[in-house]
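One structure is given here, and the rest of the page talks about it.
Labels A, B and C are assigned to the chains in the order they are written; within every chain, residues are numbered from 1.
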Amino acid sequence: MNFVVPDFYPAAAEIFVAVMALVIMLAGAFARSVRWLAYTLTQLTLVGAALITIFVPSVDVSYTFSGMFVSDLFGNVLKLLIYLAVGVALLYGRGYLADRRMERPEYYLLAVLMTLGMMVMVSANHLLTLYIGLEMMSLALYGMTAFDRDSVRSTEAAMKYFVLGALASGLLLYGMSMIYGATGALDFVSIKDALYFQTANKTVLLFGLVFLMAGIAFKLGVVPFHMWVPDVYQGAPTAVTLLIASAPKLAAFAMTMRLLVFALFELAEQWQAMLMFLAVLSIILGNLAAIAQSNIKRMLAYSGISHMGFMLLGLVAGVVSGETHNAITAYSAAMFYAVAYVLMSLASFGMVLLLARAGFEAEEIDDFKGLNKRSPWFAAMMMIVMFSMAGIPFFIGFFAKLAVLQSVVAAGYVWLAVLAVVMSVIGAFYYLRVVKVMYFDAPADDAPIHAPAEMRVMMSVNGLSIAALGLMPQGLTYLCWIALLASLT
Amino acid sequence: MLESYFPVLVFILVGLGFGIVPILLGRLVAPWRPDSEKLSPYECGFEAFEDARMKFDVRYYLIAILFILFDLEIAFLFPWATVFQDFIAAGEHAWFVFGAVMVFLAVLVIGYIVEWKNGALDWE
Amino acid sequence: MDFKTFVFYFLGAILVFAALRVITARNPVHAALYLVLAFFTAGGVWLLLHAEFLAIVLVMVYVGAVMVLFLFVVMMLDINVERLRQGFWSYLPVGALIGILLVVEMTIVLGGRYFGLEVMPEPPAMAEGYSNTRALGMVLYTEYVYPFELASLVLLVAMIVAVTLTLRKRKGTKYINPDDQVAVKREGRVELVKMPAEKE
C-alpha cells in the first residue's frame, strides 16, 4: 500500500469551520440562555475562515487527501464570497428570526454546516467529495426551510424541496456512476485524462452526462428543473429564502464548473448544447412568469431563474468549434454574473426582511407601496437593486449581462444574444413596476421602518456596492479572470 | 468463496419453512367454517370502539431516526474492526487510522451529548 | 444453469415481485413490509456479487433501521389511501410514457452493446481469503479519510435537523425530575413557624 499521510494545510479553513461547528453546537446546548452567543460565534467563524483562506493556502494549485481536495485561486475566491454572503444573510435575518421566536442556536449551527458543505463543494476534486459537500449543504437547507415548524407553508415548502432535491441527488449520483463506469476514475484529474486519451466509452459517458446535467440544473434551479424554486422561496421563512438565494448559487456555480469544465472539458461541445437549451428556456420562462407575480418573493424567485439562465450563457460560449481561446473570458463572465447576482439577491431579499416586522411579512409587491414617503433612503437602495437586476446601465447587473453577451457574440451565437436582450427588456418591466409602486403610489401602511442599526448600515453598504461596482467593475472582472486563469491552466 | 454462505441459505430456507408450513398445515388440517360473527373484530365482547390503527407519537420517530444515525455510524466502523490489526501489523499508519476513527467518533459523540442535553432522549 | 445462476434468478424473481407489490399494495403497511422483502433479496443478490459488506449493511441499516422508521411514519401519518389514488388514472398516461421512454433509453445504452459479456472483461478471480470488508477498510480510513470524516458531519446535520424539527416540550405534563426529587432536603419542604399560643 502506497498511502502517504495527507497534508492538512490546504484544507485548514474547512477544518477550522468543522471544529467551530462543534464548538457552536456545544455552546448552544450548554449556554442556551446566552442569546447572542451562537450568532457571534458564527460570525467569528466566518471571519476566521476568511482570514485562513486568505493567508494559509498557497496561490498555486495544490491537491491533498489523495487528490480529493484541491486548493486553487478559483476555489478560494468563491469561498471568500461565500463567507461574505452567508455572513450578510445571517446579519439581515437576525431581527426577522428574533421577531418570530425562531432565533435558536440550531439555526446558526445549520448555517455553519451549510457553509462547510459549500466549501467542500467548491474545492472538491472528486465526485464523492463533491456529492458529500452537496448533501451537507442541501440537508442543512431542507432543515432550515422547515425551521418555522408550526407553519404549514414552511413545512410544505421544505417537503417539496426535500423530495425534489433527493430526486435530483439521485439523478446526479446515477450520472456519476455512469461516468465512473466509462472512465474508471472518480477524481476529476483522472477523468480528464481518461477523456483526453479517449479510453472512455463515449456513449455511456454521454448517457451519464445527461443525468449529471439534470442534477446540476436542479441545484441551479433552471428550467425545466425549476419547479421547486418559487414554492420554496415563497414558503420558507424570508431569512432562509435569503440564505437559499445567495451563497448556494455560488456553490452551485462552482459545482457546475468543477464537473463540466474541470472534469468533462473534452465533452464541452455536448454539454454546451444542453446548457444552451436550459439557458434559453430559463431566460424566457423566468422573465415571463415573473411578470404575473404579485408576491415579491415569488417574483424574485422567477427572476432568479432567469438570472441563472443568463449565467449559463457564459458557460455556453467557452468552446467554439474546437477552439478554446475564448474559454477563460467566457467562464469568467459567468463567474462575474454569479457574484453580481448574489450581491443583488442579498440586497433584494434583505429589503423584504427590512420591511418585515413582528406579525407582518412584507412579501407582497403592494407592501412596497409608497416606500419613498416612508424612507427615501431605502427606497433609493431598492431602486438601485431593481435597476441593477433589470440590467440598466451603470449598475453591476448591467456589466454582468454585458460581459456574458460579449462572450456569447464572440462565440458566434448572435441570435442567442438578441434573444437574451429582448427577454431582459421584457424582464425590465417587472423590476420597474416595483420602482413605480415605491415612488408613485400612496403608502398602504405608515408604520415606521424599525430595523437594527447594523442591518441599516449593511443594507446601505450592500446597495451602494452594487452602484459602486457598476461604476468600477474592472477590479471584480479582473479577479474572476485571474482566478480562472490561475486554476484552469 | 460463496460456498461458505451455503449454510446461511439453508438456514433461510428452513426458517421460511418454519414460518409457512404450520400455517399451511393449519389451513389444511384444522376445520375451517367461518361465519360473520367469527370474522368480525371484537373488543372484550363489545363492538369495536375505535380503529385498531392508532397514531403513533411523533417521539417514536425521533428515537427511530437517532437509531438510524448511530446504526450508520456502526456501519462505518465495521470495516475498521476487520483491518485495524493489519495496520498495526504493518506498523504503518496505525495511529493515523486510529486518529481518523476517533475523530469520526468524537463528532458523533458530541452530537450525542448535545442531543442528550437538549432533552431529545427524555420521555417526560 | 449452475446453482449460483439458479439462486440469482430465484432472488431476482422475488425482488421484482416484492418491488411491484410495494407500489401496488393497497395497504401502506403491507407496502412497507414488501419493501423489507425487496431489500432483503437485494442483499442476497449483492452477496452473490461478492459484495458482502454492502449486503450486510443493506440488511442492517435498511431492513433493521430505515424500515422501522418507515413503518412508524406510515402509522403516524394515518394516510388516506383513497385520496392518494385519486390522481392515479389521470397521471398514468404521462407517467407511463416517461417511464417507457426511460426504459428504452436505458436498454439502448446499458444493453449488451456496451455492457455485454463480450465487452466487459471477466473480473479477475479473488485471491484466497479475499474479503470485501477488508478491502474497503484498507482505503476507507486512509485514502478516503476526507469523505469519511465529512460523512460524520453529514450525520451530525441529520441529527440536528431531526432534533430541531421534531422535539417538542409538551405542556402540562406531570413529569417529575427524579434528580430534583432525590435532592429534596427537609428544609425545602417543611417550615416550622414559631407563634405564640393563642387564647380563645
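Here is the rule we go by: a contact is a pair of C-beta atoms (placed from the backbone, for glycine too) under 8 Å apart; a residue touches a chain by one contact, two chains touch by 3 or more.
Model, not experiment: these values are computed from the prediction.
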Of A-B and B-C, pair with higher C-beta contact tally: B-C
Chain closest to the middle, measuring from C-alpha centroids that were averaged per chain: A
Whole-Å gap separating subunit A and subunit C, where each centre is the average of the chain's CA atoms: 31
Centroid distance [mean C-alpha coordinates] between subunit C and subunit B, Å: 10
Inter-chain centre distance, subunit A versus subunit B - centres from mean C-alpha coordinates, in Å: 40
Multi-chain contact sites of subunit B, meaning residues that touch two or more partners: 93, 96, 107, 110-111, 118
Residues of subunit C engaged with two or more neighbouring chains: 138, 142, 145, 149, 151, 153, 156, 158, 160, 163
Shared interface positions of subunit A, touching two or more other chains: 1, 3, 25
Subunit C-facing residues of subunit A, complex: 1, 3, 6, 11, 18, 21, 25, 65-66, 68-69, 104, 106, 109-110, 113, 116-117, 120, 126, 128-129, 132-133, 135-136, 139-140, 142-143, 146-147, 149, 201, 203-204, 207
Interfacial residue positions of subunit B with respect to subunit C in the complex: 1-2, 5, 9, 53-62, 64-69, 71-76, 78-80, 82-84, 86, 93, 96-97, 100-101, 103-105, 107-108, 110-111, 115, 118-120, 124
Subunit B-facing residues of subunit A, complex: 1, 3, 5, 22, 25-26, 28-30
Residues on subunit C engaged by subunit A in the complex (per definition of touch): 105, 109-110, 114-115, 138, 142-147, 149-151, 153-154, 156-158, 160-161, 163-165
Subunit A-touching residues of subunit B, taken from the complex the two chains share: 90, 92-93, 96, 107, 110-111, 113-114, 117-118
